[in-house]
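One chain, chain A, links the two complexes that follow: it is found with chain B in the first and with chain C in the second.
Take a look at the complex of A and B:
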(Lines of atoms letter the chains of each structure in order from A and count residues from 1; the text may use other names and numbers.)
(Lines give C-alpha, C1' and ligand atoms only; values in the text may rest on other atoms or scores of the structure.)
Protein backbone atom coordinates (compact mmCIF):
# COMPACT_ATOMS: atom_id res chain seq x y z
CA UNK A 1 0.00 0.00 0.00
CA UNK A 2 1.10 3.56 -0.73
CA UNK A 3 1.36 5.95 2.24
CA UNK A 4 1.81 9.71 2.43
CA UNK A 5 3.03 11.15 5.74
CA UNK A 6 2.42 14.68 7.02
CA UNK A 7 4.32 16.11 10.01
CA UNK A 8 3.16 19.36 11.60
CA UNK A 9 5.43 19.54 14.62
CA UNK A 10 9.07 20.44 15.33
CA UNK A 11 11.63 17.66 15.75
CA UNK A 12 12.04 18.02 19.53
CA UNK A 13 8.69 19.64 20.35
CA UNK A 14 6.55 16.71 21.49
CA UNK A 15 6.68 13.31 19.87
CA UNK A 16 5.23 13.68 16.37
CA UNK A 17 8.48 13.34 14.46
CA UNK A 18 9.43 10.26 16.48
CA UNK A 19 6.02 8.67 15.94
CA UNK A 20 6.05 9.52 12.23
CA UNK A 21 9.58 8.16 11.82
CA UNK A 22 8.76 4.87 13.55
CA UNK A 23 5.52 4.54 11.57
CA UNK A 24 7.34 5.22 8.29
CA UNK A 25 10.20 2.84 9.10
CA UNK A 26 7.79 0.08 10.12
CA UNK A 27 5.64 0.58 7.02
CA UNK A 28 8.75 0.27 4.81
CA UNK A 29 9.87 -2.86 6.68
CA UNK A 30 6.44 -4.36 6.05
CA UNK A 31 6.87 -3.77 2.32
CA UNK A 32 4.67 -0.70 1.94
CA UNK A 33 5.61 2.29 -0.18
CA UNK A 34 6.05 5.82 1.18
CA UNK A 35 5.02 8.19 -1.60
CA UNK A 36 6.20 11.31 0.21
CA UNK A 37 6.87 12.78 3.67
CA UNK A 38 5.59 16.36 3.85
CA UNK A 39 6.83 18.68 6.61
CA UNK A 40 4.39 21.49 7.37
CA UNK A 41 4.17 24.28 9.99
CA UNK A 42 6.83 23.78 12.71
CA UNK A 43 7.55 20.43 11.07
CA UNK A 44 9.94 22.21 8.69
CA UNK A 45 12.45 22.23 11.58
CA UNK A 46 13.01 18.55 10.81
CA UNK A 47 14.94 19.61 7.71
CA UNK A 48 17.81 21.76 8.99
CA UNK A 49 21.28 20.23 8.62
CA UNK A 50 22.63 22.49 11.41
CA UNK A 51 20.78 20.55 14.12
CA UNK A 52 23.20 19.34 16.79
CA UNK A 53 21.49 17.47 19.64
CA UNK A 54 23.51 16.10 22.60
CA UNK A 55 25.47 13.00 21.61
CA UNK A 56 23.36 10.66 23.74
CA UNK A 57 20.10 11.93 22.19
CA UNK A 58 18.57 10.77 18.93
CA UNK A 59 19.40 12.92 15.91
CA UNK A 60 15.97 13.44 14.39
CA UNK A 61 17.18 15.18 11.21
CA UNK A 62 19.92 12.65 10.38
CA UNK A 63 17.57 9.79 11.18
CA UNK A 64 15.13 11.02 8.50
CA UNK A 65 18.03 11.60 6.11
CA UNK A 66 19.38 8.07 6.65
CA UNK A 67 15.95 6.54 6.09
CA UNK A 68 15.60 8.65 2.93
CA UNK A 69 19.00 7.49 1.69
CA UNK A 70 18.13 3.85 2.26
CA UNK A 71 14.64 3.94 0.72
CA UNK A 72 14.89 6.93 -1.66
CA UNK A 73 12.24 8.83 0.28
CA UNK A 74 10.94 12.17 -0.98
CA UNK A 75 11.26 14.52 2.03
CA UNK A 76 9.46 17.79 1.19
CA UNK A 77 9.39 20.95 3.27
CA UNK A 78 6.59 23.51 2.80
CA UNK A 79 8.06 26.67 1.27
CA UNK A 80 5.90 29.26 3.09
CA UNK A 81 6.38 27.54 6.45
CA UNK A 82 10.13 27.31 5.73
CA UNK A 83 10.45 30.98 4.82
CA UNK A 84 8.74 32.05 8.03
CA UNK A 85 11.05 29.88 10.12
CA UNK A 86 14.32 30.60 8.33
CA UNK A 87 14.82 27.30 6.57
CA UNK A 88 16.68 28.15 3.36
CA UNK A 89 17.98 26.34 0.26
CA UNK A 90 20.09 27.77 -2.60
CA UNK A 91 17.07 28.99 -4.57
CA UNK A 92 15.41 30.66 -1.59
CA UNK A 93 18.71 32.23 -0.50
CA UNK A 94 19.11 33.82 -3.91
CA UNK A 95 15.47 34.87 -4.23
CA UNK A 96 15.34 36.45 -0.78
CA UNK A 97 18.88 37.79 -0.61
CA UNK A 98 20.04 35.54 2.25
CA UNK A 99 23.73 34.94 2.98
CA UNK A 100 23.42 31.28 3.98
CA UNK A 101 21.50 28.05 3.53
CA UNK A 102 20.64 25.46 6.16
CA UNK A 103 18.51 22.78 4.53
CA UNK A 104 19.74 19.20 4.75
CA UNK A 105 20.64 17.86 1.28
CA UNK A 106 18.18 14.96 1.66
CA UNK A 107 15.27 17.41 1.97
CA UNK A 108 13.79 19.72 -0.64
CA UNK A 109 11.63 22.83 -0.40
CA UNK A 110 8.41 22.92 -2.41
CA UNK A 111 4.79 24.04 -2.26
CA UNK A 112 1.53 22.80 -0.81
CA UNK A 113 0.70 21.26 -4.18
CA UNK A 114 3.12 18.50 -3.20
CA UNK A 115 0.94 17.69 -0.17
CA UNK A 116 -2.22 17.66 -2.27
CA UNK A 117 -0.58 15.45 -4.87
CA UNK A 118 0.62 13.07 -2.15
CA UNK A 119 -2.89 12.89 -0.68
CA UNK A 120 -4.29 12.06 -4.12
CA UNK A 121 -1.61 9.58 -5.18
CA UNK A 122 -1.30 7.71 -1.88
CA UNK A 123 -3.84 5.19 -0.57
CA UNK A 124 -3.60 6.69 2.93
CA UNK A 125 -2.48 10.07 4.28
CA UNK A 126 -1.34 9.78 7.89
CA UNK A 127 -0.96 13.05 9.83
CA UNK A 128 1.30 13.46 12.86
CA UNK A 129 1.62 16.38 15.24
CA UNK A 130 -0.35 19.27 16.67
CA UNK B 1 -16.43 2.73 4.89
CA UNK B 2 -14.51 2.45 8.14
CA UNK B 3 -12.04 4.92 9.58
CA UNK B 4 -9.04 4.78 11.86
CA UNK B 5 -9.11 7.73 14.25
CA UNK B 6 -5.85 8.62 16.00
CA UNK B 7 -5.66 10.61 19.24
CA UNK B 8 -2.22 11.80 20.38
CA UNK B 9 -3.11 14.20 23.20
CA UNK B 10 -4.10 13.43 26.78
CA UNK B 11 -7.86 13.78 27.46
CA UNK B 12 -6.83 15.73 30.57
CA UNK B 13 -4.94 18.29 28.47
CA UNK B 14 -7.11 18.79 25.37
CA UNK B 15 -10.59 17.78 24.24
CA UNK B 16 -9.46 15.96 21.08
CA UNK B 17 -10.46 12.59 22.56
CA UNK B 18 -14.00 13.87 23.20
CA UNK B 19 -14.12 15.44 19.72
CA UNK B 20 -13.07 12.12 18.27
CA UNK B 21 -15.77 10.22 20.18
CA UNK B 22 -18.32 12.72 18.94
CA UNK B 23 -17.56 11.79 15.34
CA UNK B 24 -16.54 8.15 15.40
CA UNK B 25 -18.97 5.75 13.69
CA UNK B 26 -19.76 2.13 14.38
CA UNK B 27 -17.24 -0.19 12.75
CA UNK B 28 -14.40 2.31 13.05
CA UNK B 29 -11.36 2.18 15.30
CA UNK B 30 -9.65 4.61 17.66
CA UNK B 31 -5.89 4.42 18.25
CA UNK B 32 -4.58 6.12 21.40
CA UNK B 33 -0.87 6.98 21.10
CA UNK B 34 1.68 9.50 22.45
CA UNK B 35 -0.06 11.29 25.38
CA UNK B 36 -3.35 9.92 24.05
CA UNK B 37 -2.57 6.66 25.90
CA UNK B 38 -3.73 8.34 29.13
CA UNK B 39 -7.28 7.94 27.78
CA UNK B 40 -6.74 4.17 27.93
CA UNK B 41 -6.31 4.00 31.70
CA UNK B 42 -8.67 2.28 34.11
CA UNK B 43 -10.31 4.31 36.84
CA UNK B 44 -10.27 7.60 34.91
CA UNK B 45 -13.09 9.77 33.59
CA UNK B 46 -12.48 8.35 30.12
CA UNK B 47 -12.96 4.69 31.05
CA UNK B 48 -16.76 4.92 30.87
CA UNK B 49 -16.63 6.76 27.55
CA UNK B 50 -14.57 3.99 26.02
CA UNK B 51 -17.04 1.37 27.26
CA UNK B 52 -20.04 3.40 26.07
CA UNK B 53 -18.79 3.69 22.47
CA UNK B 54 -20.81 0.94 20.79
CA UNK B 55 -19.22 -0.96 17.93
CA UNK B 56 -15.97 1.00 18.12
CA UNK B 57 -12.69 -0.83 18.63
CA UNK B 58 -10.05 0.87 20.80
CA UNK B 59 -6.30 0.38 20.60
CA UNK B 60 -3.37 1.79 22.58
CA UNK B 61 0.24 1.94 21.37
CA UNK B 62 2.35 -0.26 23.66
CA UNK B 63 5.68 1.59 23.26
CA UNK B 64 4.01 4.87 24.26
CA UNK B 65 2.45 3.25 27.36
CA UNK B 66 5.87 1.89 28.29
CA UNK B 67 7.58 5.25 27.70
CA UNK B 68 5.21 6.74 30.28
CA UNK B 69 5.70 3.98 32.86
CA UNK B 70 2.13 2.75 32.40
CA UNK B 71 1.90 -0.99 32.96
CA UNK B 72 -0.40 -2.96 30.64
CA UNK B 73 -2.63 -4.05 33.56
CA UNK B 74 -3.64 -0.40 34.04
CA UNK B 75 -5.28 -0.33 30.62
CA UNK B 76 -9.09 -0.59 30.49
CA UNK B 77 -10.60 -3.92 29.49
CA UNK B 78 -11.48 -4.04 25.83
CA UNK B 79 -8.58 -1.86 24.70
CA UNK B 80 -6.08 -3.83 22.65
CA UNK B 81 -2.41 -2.98 23.04
CA UNK B 82 -0.49 -2.91 19.74
CA UNK B 83 2.99 -2.00 18.45
CA UNK B 84 4.00 0.10 15.41
CA UNK B 85 3.45 -2.85 13.07
CA UNK B 86 -0.10 -3.02 14.43
CA UNK B 87 -0.48 0.73 13.82
CA UNK B 88 0.55 0.27 10.17
CA UNK B 89 -1.85 -2.68 9.82
CA UNK B 90 -4.74 -0.61 11.24
CA UNK B 91 -3.98 2.15 8.74
CA UNK B 92 -4.17 -0.34 5.87
CA UNK B 93 -7.29 -2.12 7.16
CA UNK B 94 -9.36 1.06 7.36
CA UNK B 95 -10.34 3.24 4.41
CA UNK B 96 -8.86 6.43 5.82
CA UNK B 97 -6.90 7.73 8.79
CA UNK B 98 -8.26 10.74 10.70
CA UNK B 99 -5.88 12.51 13.11
CA UNK B 100 -7.38 14.25 16.15
CA UNK B 101 -4.69 16.49 17.57
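Take a look at the complex of A and C:
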Protein backbone atom coordinates (compact mmCIF):
# COMPACT_ATOMS: atom_id res chain seq x y z
CA UNK A 1 0.00 0.00 0.00
CA UNK A 2 1.08 3.55 -0.66
CA UNK A 3 0.89 5.85 2.38
CA UNK A 4 1.09 9.61 2.86
CA UNK A 5 1.98 10.72 6.37
CA UNK A 6 1.01 14.02 7.98
CA UNK A 7 2.56 15.11 11.30
CA UNK A 8 0.87 17.97 13.12
CA UNK A 9 2.85 18.26 16.36
CA UNK A 10 6.33 19.27 17.38
CA UNK A 11 9.00 16.87 18.65
CA UNK A 12 9.34 15.90 22.33
CA UNK A 13 6.35 18.00 23.41
CA UNK A 14 4.14 15.43 21.74
CA UNK A 15 4.43 11.80 20.74
CA UNK A 16 2.93 12.32 17.26
CA UNK A 17 6.29 12.43 15.50
CA UNK A 18 7.51 9.33 17.36
CA UNK A 19 4.38 7.39 16.46
CA UNK A 20 4.60 8.54 12.85
CA UNK A 21 8.25 7.52 12.72
CA UNK A 22 7.54 4.05 14.09
CA UNK A 23 4.56 3.65 11.74
CA UNK A 24 6.63 4.77 8.75
CA UNK A 25 9.59 2.56 9.63
CA UNK A 26 7.39 -0.49 10.14
CA UNK A 27 5.40 0.16 6.97
CA UNK A 28 8.64 0.32 4.98
CA UNK A 29 9.93 -2.88 6.60
CA UNK A 30 6.68 -4.60 5.62
CA UNK A 31 7.20 -3.58 2.02
CA UNK A 32 4.79 -0.67 1.82
CA UNK A 33 5.57 2.59 0.09
CA UNK A 34 5.68 6.01 1.77
CA UNK A 35 4.86 8.60 -0.85
CA UNK A 36 5.71 11.55 1.36
CA UNK A 37 5.95 12.68 4.98
CA UNK A 38 4.45 16.14 5.42
CA UNK A 39 5.13 18.25 8.51
CA UNK A 40 2.45 20.79 9.39
CA UNK A 41 1.50 23.08 12.30
CA UNK A 42 4.18 22.74 15.04
CA UNK A 43 5.23 19.58 13.22
CA UNK A 44 7.63 21.76 11.23
CA UNK A 45 9.84 21.76 14.36
CA UNK A 46 10.78 18.18 13.54
CA UNK A 47 12.93 19.54 10.71
CA UNK A 48 15.50 21.68 12.50
CA UNK A 49 19.06 20.35 12.49
CA UNK A 50 19.85 22.44 15.60
CA UNK A 51 17.88 20.11 17.87
CA UNK A 52 20.06 18.85 20.74
CA UNK A 53 18.29 16.35 22.99
CA UNK A 54 20.03 14.81 26.02
CA UNK A 55 22.37 12.00 24.97
CA UNK A 56 20.31 9.28 26.62
CA UNK A 57 17.18 10.27 24.68
CA UNK A 58 16.14 9.51 21.11
CA UNK A 59 17.06 12.12 18.51
CA UNK A 60 13.74 12.69 16.76
CA UNK A 61 15.17 14.81 13.92
CA UNK A 62 18.18 12.63 13.16
CA UNK A 63 16.04 9.52 13.32
CA UNK A 64 13.81 10.87 10.54
CA UNK A 65 16.88 11.94 8.58
CA UNK A 66 18.45 8.47 8.88
CA UNK A 67 15.22 6.81 7.77
CA UNK A 68 15.02 9.22 4.85
CA UNK A 69 18.62 8.42 3.89
CA UNK A 70 17.96 4.70 3.96
CA UNK A 71 14.65 4.74 2.06
CA UNK A 72 14.89 7.97 0.04
CA UNK A 73 11.94 9.40 1.95
CA UNK A 74 10.52 12.75 0.89
CA UNK A 75 10.36 14.80 4.11
CA UNK A 76 8.48 18.03 3.40
CA UNK A 77 8.00 20.94 5.78
CA UNK A 78 5.10 23.31 5.05
CA UNK A 79 6.42 26.71 4.04
CA UNK A 80 3.62 28.79 5.56
CA UNK A 81 3.83 26.94 8.87
CA UNK A 82 7.64 27.11 8.75
CA UNK A 83 7.72 30.86 8.18
CA UNK A 84 5.54 31.47 11.25
CA UNK A 85 7.73 29.28 13.42
CA UNK A 86 11.18 30.23 12.19
CA UNK A 87 12.15 27.12 10.25
CA UNK A 88 14.45 28.42 7.53
CA UNK A 89 16.33 27.06 4.50
CA UNK A 90 18.66 28.94 2.12
CA UNK A 91 15.83 30.07 -0.15
CA UNK A 92 13.69 31.33 2.70
CA UNK A 93 16.65 33.10 4.33
CA UNK A 94 17.34 34.87 1.03
CA UNK A 95 13.69 35.80 0.41
CA UNK A 96 12.95 37.00 3.91
CA UNK A 97 16.32 38.54 4.76
CA UNK A 98 17.20 36.12 7.56
CA UNK A 99 20.76 35.76 8.85
CA UNK A 100 20.68 32.01 9.41
CA UNK A 101 19.14 28.73 8.38
CA UNK A 102 18.21 25.79 10.57
CA UNK A 103 16.62 23.14 8.37
CA UNK A 104 18.14 19.68 8.32
CA UNK A 105 19.48 18.83 4.83
CA UNK A 106 17.28 15.71 4.63
CA UNK A 107 14.16 17.88 4.87
CA UNK A 108 12.85 20.36 2.33
CA UNK A 109 10.48 23.30 2.61
CA UNK A 110 7.58 23.41 0.16
CA UNK A 111 3.94 24.38 -0.19
CA UNK A 112 0.69 22.91 1.04
CA UNK A 113 0.07 21.64 -2.47
CA UNK A 114 2.57 18.90 -1.60
CA UNK A 115 0.20 17.68 1.12
CA UNK A 116 -2.81 17.70 -1.21
CA UNK A 117 -0.84 15.93 -3.92
CA UNK A 118 0.30 13.30 -1.42
CA UNK A 119 -3.30 12.73 -0.30
CA UNK A 120 -4.35 12.29 -3.93
CA UNK A 121 -1.49 9.98 -4.87
CA UNK A 122 -1.48 7.77 -1.80
CA UNK A 123 -3.92 4.98 -1.02
CA UNK A 124 -4.13 6.25 2.56
CA UNK A 125 -3.35 9.52 4.30
CA UNK A 126 -2.44 8.88 7.93
CA UNK A 127 -2.54 11.95 10.20
CA UNK A 128 -0.58 12.02 13.47
CA UNK A 129 -1.46 14.59 16.12
CA UNK A 130 -4.11 15.53 18.64
CA UNK B 1 -0.77 14.04 -11.12
CA UNK B 2 -3.44 11.39 -11.14
CA UNK B 3 -6.68 12.18 -12.96
CA UNK B 4 -8.71 10.49 -10.24
CA UNK B 5 -11.06 12.68 -8.27
CA UNK B 6 -11.19 11.87 -4.60
CA UNK B 7 -13.60 12.79 -1.83
CA UNK B 8 -11.75 15.07 0.58
CA UNK B 9 -13.21 15.85 3.99
CA UNK B 10 -11.70 18.42 6.29
CA UNK B 11 -12.78 17.54 9.82
CA UNK B 12 -12.65 20.67 11.97
CA UNK B 13 -12.78 19.76 15.65
CA UNK B 14 -11.34 22.75 17.49
CA UNK B 15 -12.33 26.25 18.53
CA UNK B 16 -11.14 28.99 16.13
CA UNK B 17 -8.82 30.63 18.64
CA UNK B 18 -6.69 29.20 21.42
CA UNK B 19 -4.75 27.05 18.97
CA UNK B 20 -3.81 27.57 15.33
CA UNK B 21 -5.37 24.36 14.03
CA UNK B 22 -8.54 25.98 12.68
CA UNK B 23 -6.74 28.74 10.79
CA UNK B 24 -4.10 26.44 9.34
CA UNK B 25 -6.83 23.98 8.37
CA UNK B 26 -8.51 26.74 6.41
CA UNK B 27 -5.21 27.43 4.65
CA UNK B 28 -5.11 23.80 3.49
CA UNK B 29 -8.71 24.05 2.27
CA UNK B 30 -7.92 27.17 0.22
CA UNK B 31 -4.80 25.66 -1.35
CA UNK B 32 -6.53 22.32 -1.86
CA UNK B 33 -9.41 23.97 -3.72
CA UNK B 34 -7.08 24.42 -6.70
CA UNK B 35 -6.72 20.65 -7.08
CA UNK B 36 -10.22 19.93 -8.40
CA UNK B 37 -11.12 17.29 -5.85
CA UNK B 38 -14.57 16.81 -4.35
CA UNK B 39 -14.23 18.77 -1.13
CA UNK B 40 -16.40 19.02 1.95
CA UNK B 41 -15.88 20.36 5.45
CA UNK B 42 -17.32 19.07 8.69
CA UNK B 43 -17.54 20.99 11.95
CA UNK B 44 -17.76 18.92 15.12
CA UNK B 45 -17.07 19.40 18.83
CA UNK B 46 -15.68 22.90 19.51
CA UNK B 47 -15.09 23.17 15.74
CA UNK B 48 -18.66 24.46 15.43
CA UNK B 49 -17.46 27.71 17.03
CA UNK B 50 -15.35 28.36 13.91
CA UNK B 51 -18.42 29.40 11.95
CA UNK B 52 -20.36 31.23 14.66
CA UNK B 53 -21.42 34.65 13.42
CA UNK B 54 -20.36 37.95 14.93
CA UNK B 55 -16.86 36.93 15.97
CA UNK B 56 -14.83 39.75 17.51
CA UNK B 57 -11.20 39.03 18.34
CA UNK B 58 -10.09 42.57 19.14
CA UNK B 59 -9.70 41.89 22.86
CA UNK B 60 -7.37 38.92 22.32
CA UNK B 61 -5.25 40.58 19.61
CA UNK B 62 -5.72 37.69 17.20
CA UNK B 63 -6.59 38.00 13.54
CA UNK B 64 -10.32 37.41 13.01
CA UNK B 65 -10.22 35.01 10.09
CA UNK B 66 -13.93 34.13 10.17
CA UNK B 67 -14.71 36.25 7.04
CA UNK B 68 -12.59 33.74 5.08
CA UNK B 69 -15.31 31.11 5.50
CA UNK B 70 -17.64 33.35 3.46
CA UNK B 71 -15.21 33.12 0.54
CA UNK B 72 -15.28 29.32 0.40
CA UNK B 73 -18.25 29.33 -1.98
CA UNK B 74 -16.13 31.17 -4.53
CA UNK B 75 -13.60 28.34 -4.32
CA UNK B 76 -16.31 25.76 -5.09
CA UNK B 77 -16.16 24.60 -1.48
CA UNK B 78 -19.86 24.47 -0.70
CA UNK B 79 -20.51 21.31 1.29
CA UNK B 80 -20.25 22.31 4.93
CA UNK B 81 -21.61 19.76 7.40
CA UNK B 82 -22.28 20.84 10.97
CA UNK B 83 -22.99 18.21 13.57
CA UNK B 84 -26.32 18.75 15.31
CA UNK B 85 -25.24 17.21 18.61
CA UNK B 86 -22.14 19.41 18.79
CA UNK B 87 -24.31 22.50 18.34
CA UNK B 88 -26.80 21.37 20.98
CA UNK B 89 -24.12 20.43 23.50
CA UNK B 90 -22.87 24.01 23.27
CA UNK B 91 -26.27 25.70 23.40
CA UNK B 92 -26.02 26.73 19.76
CA UNK B 93 -28.40 26.45 16.84
CA UNK B 94 -28.00 27.04 13.13
CA UNK B 95 -29.23 30.61 13.72
CA UNK B 96 -25.99 31.32 15.60
CA UNK B 97 -23.92 30.42 12.55
CA UNK B 98 -22.77 32.61 9.69
CA UNK B 99 -25.00 32.45 6.64
CA UNK B 100 -22.60 30.81 4.21
CA UNK B 101 -23.73 30.48 0.62
CA UNK B 102 -22.55 29.59 -2.85
CA UNK B 103 -23.82 30.35 -6.34
CA UNK B 104 -24.91 27.40 -8.45
CA UNK B 105 -23.59 27.87 -11.97
CA UNK B 106 -25.97 25.19 -13.28
CA UNK B 107 -29.04 27.02 -11.97
CA UNK B 108 -28.38 30.52 -13.26
CA UNK B 109 -26.12 31.33 -10.29
CA UNK B 110 -28.88 30.76 -7.77
CA UNK B 111 -27.67 31.41 -4.23
CA UNK B 112 -27.74 28.29 -2.09
CA UNK B 113 -26.87 27.49 1.49
CA UNK B 114 -23.51 25.80 2.02
CA UNK B 115 -24.24 24.66 5.56
CA UNK B 116 -26.11 21.46 6.23
CA UNK B 117 -26.79 20.42 9.81
CA UNK B 118 -26.49 16.64 10.13
CA UNK B 119 -26.82 14.22 13.00
CA UNK B 120 -23.82 12.41 14.46
CA UNK B 121 -25.05 9.20 12.83
CA UNK B 122 -25.34 10.91 9.43
CA UNK B 123 -21.89 12.40 9.79
CA UNK B 124 -20.48 8.96 10.54
CA UNK B 125 -21.80 7.80 7.16
CA UNK B 126 -20.40 10.90 5.45
CA UNK B 127 -16.96 10.24 6.93
CA UNK B 128 -17.21 6.59 5.89
CA UNK B 129 -17.75 7.67 2.28
CA UNK B 130 -14.53 9.73 2.11
CA UNK B 131 -11.27 8.82 0.43
CA UNK B 132 -9.24 11.32 2.46
CA UNK B 133 -10.00 12.79 5.88
CA UNK B 134 -7.86 15.69 7.07
CA UNK B 135 -8.36 15.94 10.80
CA UNK B 136 -7.66 19.30 12.38
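Details
Here, the second predicted complex is superposed on the first by the 130 of 130 C-alpha atoms of A that agree within 3 Å, B and C clash if a C-alpha of one lies under 4 Å from a C-alpha of the other, contacts with A are read in each partner's own complex, and residues count from 1 in each chain.
Note that in this section contacts are C-beta pairs under 8 Å (C-beta built on N, C-alpha and C of every residue); 3 or more make two chains touch, one makes a residue touch a chain.
Since we're looking at a predicted model, the values are computed, not measured.
When the two complexes are overlaid on their common chain A, residue A:127 makes contact with chain B and with chain C alike.
Looking at the shared chain after the overlay, A:81 reaches chain C, while chain B stays out of its contact range. By the document's definition of touching, neither partner reaches A:50: not chain B, not chain C.
With both structures placed on the common chain, the touch criterion links A:119 to chain C but leaves chain B unconnected.
In the superposition on chain A, A:3 contacts chain B only, with no contact to chain C. In the superposition on chain A, A:14 makes contact with chain B only, not with chain C. In the three-chain superposition model, chain A touches both chain B and chain C at residues 8, 125, 127, 129. Against chain A, in their complex, chain B makes its touches with residues 6, 8, 33-35, 63-64, 84-85, 87-89, 91-92, 96-97, 99, 101.
The residues of chain C lying in touch with chain A in their complex are 1-2, 4, 6, 8, 20-21, 24, 27-28, 31-32, 34-35, 37, 132-136.
The residues of chain A lying in touch with chain B in their complex are 1, 3, 8, 14-16, 19, 22-23, 25-27, 30, 32, 123-130. Within the complex, the chain A residues that touch chain C are 6, 8, 40-41, 80-81, 84, 111-113, 115-117, 119-121, 125, 127, 129.
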